[in-house]
Structure formats: structure tokens, C-alpha cells
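Working notes for the structure below.
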Amino acid sequence: MGRLKIKIGSITFSPPVMPASGTFGYGDEVKEFFDYKDIGAIVTKGLSLKPRKGNRMPRIIETSSGMINAIGLENIGLDRFIKEKIPFYRKLKKPVIVNIFGESIDEFLELSENFNRFKEISGFEINISCPNVDKGGVEFSKTPDVIRELLRRIRKITKKFISVKLSPDSDYMLISKICEEEGADAITAINTIRAMEIDIYNRRSKISRIFGGLSGPAIKPIVLRIVYEISKNISIPVIGVGGISSWEDAIQFFIAGASAVQIGTCFFVNTNIFRDVKNGIEGFLEKNRISLKNLIGSFREN
Amino acid sequence: MKVKKERTGKVLENIKLKEKIFLLKLETEEEISAKPGEFVMIKTSPSASADPLLKRPFAVFDLEKRVLSVLYKITGRGTALMSTLKKGDAVQFSGPFGNSFPLPRDRAIFVAGGSGIASLNFLGKKLYRKKEINLYYGVKSGDEAVPLSFLSFKPSQFLLTTEDGSEGKKGVITDFIKFEKGTYYLAGPTNMIREFSKKFKVDAFASMEERMACGIGVCMGCGILIKEKGYRRVCVDGPVFKISEIQWED
Amino acid sequence: MGRLKIKIGSITFSPPVMPASGTFGYGDEVKEFFDYKDIGAIVTKGLSLKPRKGNRMPRIIETSSGMINAIGLENIGLDRFIKEKIPFYRKLKKPVIVNIFGESIDEFLELSENFNRFKEISGFEINISCPNVDKGGVEFSKTPDVIRELLRRIRKITKKFISVKLSPDSDYMLISKICEEEGADAITAINTIRAMEIDIYNRRSKISRIFGGLSGPAIKPIVLRIVYEISKNISIPVIGVGGISSWEDAIQFFIAGASAVQIGTCFFVNTNIFRDVKNGIEGFLEKNRISLKNLIGSFREN
Amino acid sequence: MKVKKERTGKVLENIKLKEKIFLLKLETEEEISAKPGEFVMIKTSPSASADPLLKRPFAVFDLEKRVLSVLYKITGRGTALMSTLKKGDAVQFSGPFGNSFPLPRDRAIFVAGGSGIASLNFLGKKLYRKKEINLYYGVKSGDEAVPLSFLSFKPSQFLLTTEDGSEGKKGVITDFIKFEKGTYYLAGPTNMIREFSKKFKVDAFASMEERMACGIGVCMGCGILIKEKGYRRVCVDGPVFKISEIQWED
């Protein structure tokens, strides 16, 4: 057990497995039936300054071994979050990472300043990769200079853990490098992949926006490749996320270079997945007499 | 406290009631309990298969100790796969989830559209012989109508409509409701419920359908617009809502 | 039936459905059991000047609703192809499109010149997108100027149909525009998506290269989005390919803007797929009283 | 001419022979024919499911008019799914594909490793009572050994080895082969075949295994290196090769 933890920035993840933003609510919805010791941190739904209503229904559609979502960052906003959720975290004693989303640099900064005051918040996941909103989100990725400024200014506001969540539909090699240079503690790779499904009878999108984000096992081999590419290119840790459905998948991510992993879509499919993955990793490390540290990035090119 | 966890049911029977309507009886590992209106999330592919990926929501049609029944109609890939389940097959599911129908003070009037009959059946079972139950039941065609003999209650009054006129009255069910006093319970397609709410000035409890990814309130996939409140989640804030609260979108 | 055809450049595809390069051999392997009237053209395995041995085994690995391949363009080369395959095409009377691959512009030009002489060859699919070779392939995509030169020079050599096959891991918006400007008749979108799978016990790739190309139903929603994006951006036809497993998928591609489609991986899964897709499209057009032409690009944004 | 098309088999039986070894009997829609060594491609998930996506190759274990049998071992996701098949389930498959074992002039000596016994069984059936058959059969452990009573032939001589010594001789089968005259037939893991080819200077016919995507010669996924020729396709140029032709890679 002692082996199954990893420190990234100021957070110790034990186990190095956590929910993906947007697939675990604010972390309290599942308290009745969830054993929090199976995850290393809570990662919240993307939070904005003001509450967001999100997109219209339908917001989700299933695809082969995957799903497309266009939730549109429905969230309760900063104030309600502070009032309603932080008290729960106080009791929980788990690192809490807020996934924050702004339409402008200023919004990001205001969010960071506000959350920074709370010791219940251990860190930030900076969401510049949501494909389902009109402003902000993955649009940021088109202007690397803006990302550099954003990071630089947030880094001045907070000493807490910062991970930047990237989009597979961006120049993630360049952006991850910039984030490293500007003092990010980690990169979260990756958000959903832009995708579409068409209703052939009305010739419209099957969801309420043209594009949504694809997640789930379908994308795993692509994400694994991206995690490998990014982690070879930078020296800060990478948190791998995309399609993980088993402990074997998680091990693949560690070998590819991820220091921790997140699980989203497959939590919907199997609510025991965190326990299964944790136990599986533990068993694997023991059986193969290898430490998590030595496993990370141990991929053999030939 | 609801125990929410992954469960495995063993198929006892998977009875074909009509061309596309099946009644699936699962033996659960342990005794579970549910209230009328609650639903389960069923994985239609084997646990080891990721396609179809997501679990599907189905109302509890009946629950007797370790025997859980759901009634389903083949409407797509997942339900088509379910229809091939055989005795002894293992089925992954979770739940029951969601809120439930409040009990009526007086007479209960059920308005069921299509497989909406499922959740009302379980309510009917609880009320049967205690309250008068009138059942309005609308389906597309006679070969989608569940025979009364398969229901767990006997309605005092019963009206069946089919859109093609192949059985019962021809038309949609909301055109045949004769208003009377009582508590109205609706389950079926959103259009039926909306039609009802436009037509009758009475409030009613309706079990709503929306696509679901998680079924446990964490994905925000299953929103329903509630007046003055914005989106609420069908899976945990529902599936039962007062129709007077619903803000119809167009 | 008359409705189910489309003319692109000098080729009439009837039906507008054909095999994807590399998933149908040279088209003669299946002659015993295949009804060629179910496809609108033959598209050959990628051909190079000299025979290529390809990569070592294992070359393929299954993933969730998909597969990764790293065949490495094993092919019989120009000379054997001319000797052994062209006589078969002569009798067949189907448009034949050669998928050509060169490590340099010169190799591409030499291939084009040679094939151009044969009336049995109706056109070219220029493969600048193979992820499984060390030189050429997707590497070309990094230098749009080279692609421009390549196209310009091939266009001078041949009047035949030219489609350029793009990689999803390239700047396909820019490259497709360049191809249009340089006189390509169509864009084939897309080749496989770079991906990886790791054997957790030996910590090596599950195939004989680090990366391979992901294909199959898993990628369909991503490819559909790309086809939509490209076809909105250029005025030459797009041939859509990636993950099509049913006639409904094919219709989705047409609505998104594809003028014809190719099927690869799912032919492995269901060898009846071309018949099924052809019949399905036919039935759909009839039932919905719409012509193929009007269906193409008829997506409704809202 | 081989009829290559998609077929559907109906499960007649799916017999568990040993912990992980099953014998699947499918009723085919029409009579099919096959020669020993040929294989079929079986879709392990329902037709409508894309996961697992690819069909898997399995040797024809037996074929009697409309009853096709394959013997399989659970080694991964696909075979695990197959083991849950029940009587009446529909199974999509295609084939038989590939080349076949040439017949022997004299005595036939079978060297089977693990589920390699499958293709040799069908050859044994054809040769039984016509030729003498000696069977060397190596498995990992006793609970992977198919009992002789399930085979379609009776070997004149029989030797079983298990790697863990739980049944028969302890060790690998190639260590126990006493060279004698006859035609050698090998089927099993590549390592076994390679070991044999290093140890014995005799030629032999071996059924080779490689991952397959198409099974019909069009994907180039299933290469085997043949001396002076380069890669050949196991699915159409094989699966049976003379071991003297194989260029072993390292």
C-alpha cells in the first residue's frame, strides 16, 4: 500500500488514480456508496465564476465503445460551490482539485484568487480544452501566447498545485512545453476529442451542438500515444486520462509516462472501477516487484 | 440510504410478450428493494464488452425479493442485444436509482404510453386492492400492447388506444382521457406527457425519460428544464416530476 | 439504381462506395467470392516503386471497437503489380485507383508516370499519410510546400483522377486547400489515427513499431467531424473513410459532406458489408425520396 | 472454389471439457465442407456489437454435414465471451479458409501443443483406420488436456506431457519425441514448432498461428517469413507450411 502513492507538486495522490473532471460531479453526489479511499483526489466538474446553464438536451450520445458529450459546462458557479461544497470537503480530508474554466484570462484569475483562499482546495486543473462552449475552452489553445500569460499570472496568484488540461485538438506539444516553462506542476492529458454523430433522418447533429467531445475506451489508444509523446517532451509529470476501463489500461498509461491517471466515462459503466483499478495496480506492482516510480515512463522502445 | 453498486443478475426468463416487447426476469445476488418509479441501469453487453458501452435505464416493472423484472421494447442496439439473453446469462446492472411516485390519497389514474406501462405496473402492484386504479394505455400498434394478464394489478377501468387502430380505440391516448378526480400518474414518451399537460389543467406526476450516461447524478447528461430553477437531473432529481414544474422547451 | 452513382473527376463511382486502400489487397484476392458490382472502384494496397517487405510481426492489435495496424506498406512493387495485377483489371471493367506511396517526390513522380500509361488504371490516391513507415508517409505532411510541389508535378504528368489521402494527424485543413489549388480531383479523408497499445508485461509496444494507425468503428465520430470540416472548407469532393460499419454510417458521411465513401476495417468483420451498404443506401434514398446529390452535404446546422 | 461468405451458426452445445477448454458445436445454415488444417473466423461478440471487433481464427476440429465443431481455450477477451455462449445463440463466422495438410504416405506422427490438437483432430479423423497415427500431445497442465475420448480418432501410440507434471510426463513435448519414420504434423505454439525444427532434421507440416484481421488475404497482417520469398500470409498461403521453408526470426 505504501507504494501506491505519488507526489506531484504539493499533492500526494494515494492512490495515483482519481476521477476525471465532469464525470464525478463535485464529489459529494456519490458519498452514499463510494469509498473515497479508492481515489487519490477529487476533481470537480468544470467551475466558472457565474453558474452556467449548459447546453440543451440531448447532451450525450453513445458511439462504438465511446460517447460524445456536449454538456457545455453546466455548473453551480463559484459562490454556490463555496457555500455548498467546501464544507463537505472539509470533512472529507482528500485533496480536492478544482477544474476551472473562464471565458477570459480575467475570469480565470478571479476564480484562482477566490479558490486560493480555501485550504480545502489543494489545487487547480486549468481547463483550456473544453470543446463544448462558444467562448473560452479549446479556443484558448489557438493562442499559445495567451496561455503563457494565463499561466504566468495564475502562478503568481497561487502556490498550490496547478495542472493544465489540454485538448487533443490543439498543439499539445507546444502548449505543454509552455506550461512547463511557466511553472505548472503537471499536465492533464487529455480532454475529449472533437467528434460528431448525425441523425440521418433529420440530418441534424444527434446532440444539441454540431460537435461534442468523444471519450471512453474508443479513444484510449490515441490518448496513450499522446501521453507518451507529451511525457517524453517535458519534465513535469503528466496525468493521463482518456478511455481507461481497467487496471491494465492504467498500467499502460504509467508505462507510457503518466504519473497518475484519471477515469471518467468508464466510471459510468462500472462504479466499482476505482476499487478495481487500485487493487489491480497494487497486485501488479507486487507480483512484478516493481515500484510505481520505476514503472512510470518505463516503456521500452525496442 | 440507497445502496448504489454494481450488481449481477442471472437471467431467469426473458419472455417475448409481443414482437418487440420483452419481460426480463433477473435473479439478483441479494435481496434488493425499490419504490415504484425507480429505475435500474442495465448493461446490455457483457461486462467484458465495451460496445454498447453505456448502461440503459429501465423502470422497475416488478421486484419480489431476489427477482427483479423489467419490461422493455426493442428500440435500438442495446435492447436488441437484451432480447437475445438466455436463461443463465449474467447481466450487469446497478440501482435502483431515482425518486419515486408519491402515493395517491384517492383514486389513481394511470396514463401509460408504450413501455411507460413498466413503472406504472410497479405502482399499480403497490396500490392494488387498496385504491381504485384506472388505466389509460396508449401504444403505437396492437403488437406493442402488453396483455393485461401480465400486469401485477387489475385496473377498475381500462382503455387501450393504438395509433394504427389495430387494437382498442384508434388514436393517441391523450385524446381519450375523460377527466375525473384523482391523482394522475403519467409514464411514457415526453410528447405524451407534454400533450397531457397542455390539455388538462390538472397537475400530475410524470416519469420522465432522457438519455443517461451515469444514472447517478454526476455527468449532467440528463437535464430537464424546471421552471425557475434551470436544469435538474432526471436520474437523481427525478425521474418523477410534477408536470406543473416542467418548463417545456421547444 | 440509376441514382446510386456519382462522378468525381473522370471516374463515375457506381455505387459511391469502395474499399479502403490496404484492406482489399489488390482487389483480386477476393474474386472467388466477391461481387464487384457492389463497389464503385477498386482501391489498391499502397504501392511503391520497389517491393516493400513491410514491418515485422505483430503488425496488428485489436482495441476497443478498433484495431491498430503497422503493416508498413508491404507491397509487391511497381513491376510485379504491372505484370500480375493489371491483366486482371483489364477483364474486370471497374475503375481502379492505385494508392501510391513514395519516400521522395521523385519516387511519386516515377510511379505516376508509369501507371499513367495504363488505361486499366483510372486514377491515383496519393498517400502522404501512412503512419507506419520511417520515410515518406505522414512525414510529408509536415512540409506543406513539398506537398504543393508534389501535387503540381503529378498533375502535370497525368490527367487521370487524383485524390490525396490525408492524415488526421496533420494540418488537413491547410493541406486539403493546397491540394484543391493544385488541381486534385478529390481528398480522401482520412488515413488511420496514430495510436499505441502497450504490453504491460514486457513494457513494449504490442506491435512491432511504437505507434501504429487506429481504424474501425472507434474512430468514426472523429472522422465524421473531420470530413465535415474539410468538405465545408473546400469545393472539390471529399471521399470519406474511417470506421464505417453500416449503411447508416455511410449516410452520415454523405450528409456530412462526403461524395463517396470507403470501407476498410469493417470489411474484415463483415465481408458482406459492401452489398449491405449499397442496398441500405439505395433503400434510404428511395424511402426518403432524395437523390444522392441532394443528400451530400445536406447537414443542418440547426 | 471455396465459398467465402458470412455465415451464421446456431449453438448446439458449448461443452466445458476442462477449466478453460471448451468444445463449441455450431449448426450451420447449409452444409459446408472443409479439409484438415483449414480454419474458420468466428466473431466472438454478437454481430451488432463492435467490441471485440475482429473475428478470431479457429481450426476446424470436426465437421459433419451441418455440424461444425471448434475446440478452444480461453486465452483472452474473445474466447472468454465465447465460453458464455448458450444453446440457441447465433454466432457469426466465415470460412473455412486456408490451405490444408497433405495426406501422409505412411505413418502419421502428430505433435500437438495446447489447442493445436484441434486441427490435428480433424486430420486424425480422416486418417483413422487408414493410417497408423502416433500422437504426441503437450499441454501446460493436466487441466488443459483434452481427454482422448473427445477426439475423433484413436492414436496407436500416445504420449502426453504437461509442463507442471500434473498429468503424463513432466516437460515440454519436443523433449519426448522419439524420432521414427513417418510424416510429421505439427500444430501448436510457434515456439514448439521452432523447437521441433531445431531439434529434428526431418521436414514436417506445421499449422502456424499469427494474429489475423481479415483471414482472407487482404490485410497483410498475418505474415510469416518464408526463406528466399519474404513474407507470406498465414491465412491464405497457410496456415500449413513445411517447416523447412520457414525463416525463423528472432
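As written, the chains take the letters A, B, C and D, and residue 1 is the first residue of each chain.
Everything that follows uses one rule, which is that a residue touches a chain if its C-beta (ideal position, glycine included) is under 8 Å from a C-beta of that chain, and two chains touch if they have at least 3 such contacts.
All of these numbers come straight from a predicted model, not from anything done at the bench.
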Worksheet, complete the sentence: Neighbour overlap between chain B and chain C returns A, D
Response to the item:
A correct list of chains touching both chain C and chain D reads A, B
Response to the item:
Relative to chain A, the most remote chain by C-alpha centroid is chain D
Discussion item. Centroid from C-alpha atoms only, then distance chain A to chain C, rounded to Å. What do you get?
Written reply: 35
Response to the item:
In whole angstrom, the CA-centroid distance of chain A from chain D equals 46
Discussion item. Can you work out the whole-Å distance between the CA centroids of chain B and chain D?
Written reply: 49
Fill in: Per-residue overlap in chain A, given as positions that touch at least 2 other chains
64-66, 216-218, 245
Fill in: In chain D, residues with contacts to at least two other chains
50-52
Discussion item. How are the chains arranged in terms of who touches whom: line, ring, star, complete or other?
Written reply: complete
Discussion item. With touch defined as at the start, can you tell me which chain C residues reach chain B in the complex?
Written reply: 64-65, 217
Worksheet, complete the sentence: Residue set of chain D touching chain B in the complex reads 45-46, 48-52, 77, 80-81, 84, 86-90
Discussion item. Help me check something: in the complex, which residues belonging to chain C touch chain D?
Written reply: 22-25, 29-30, 32-33, 45, 51, 53-54, 56-62, 64-67, 69, 71, 74, 216-218, 245, 265, 267-272
Fill in: chain B residues touching chain A - in the complex, by the definition given at the top
1-6, 43, 47, 50-55, 92, 94, 210-224, 230-231, 236, 249
Worksheet item: Which part of chain C faces chain A closely enough to touch in the complex?
Response: 63-66, 68, 193-198, 200-204, 210-211, 214, 216-222, 224-225, 228, 243, 245, 248, 251-252, 255-256, 284, 288, 298-302
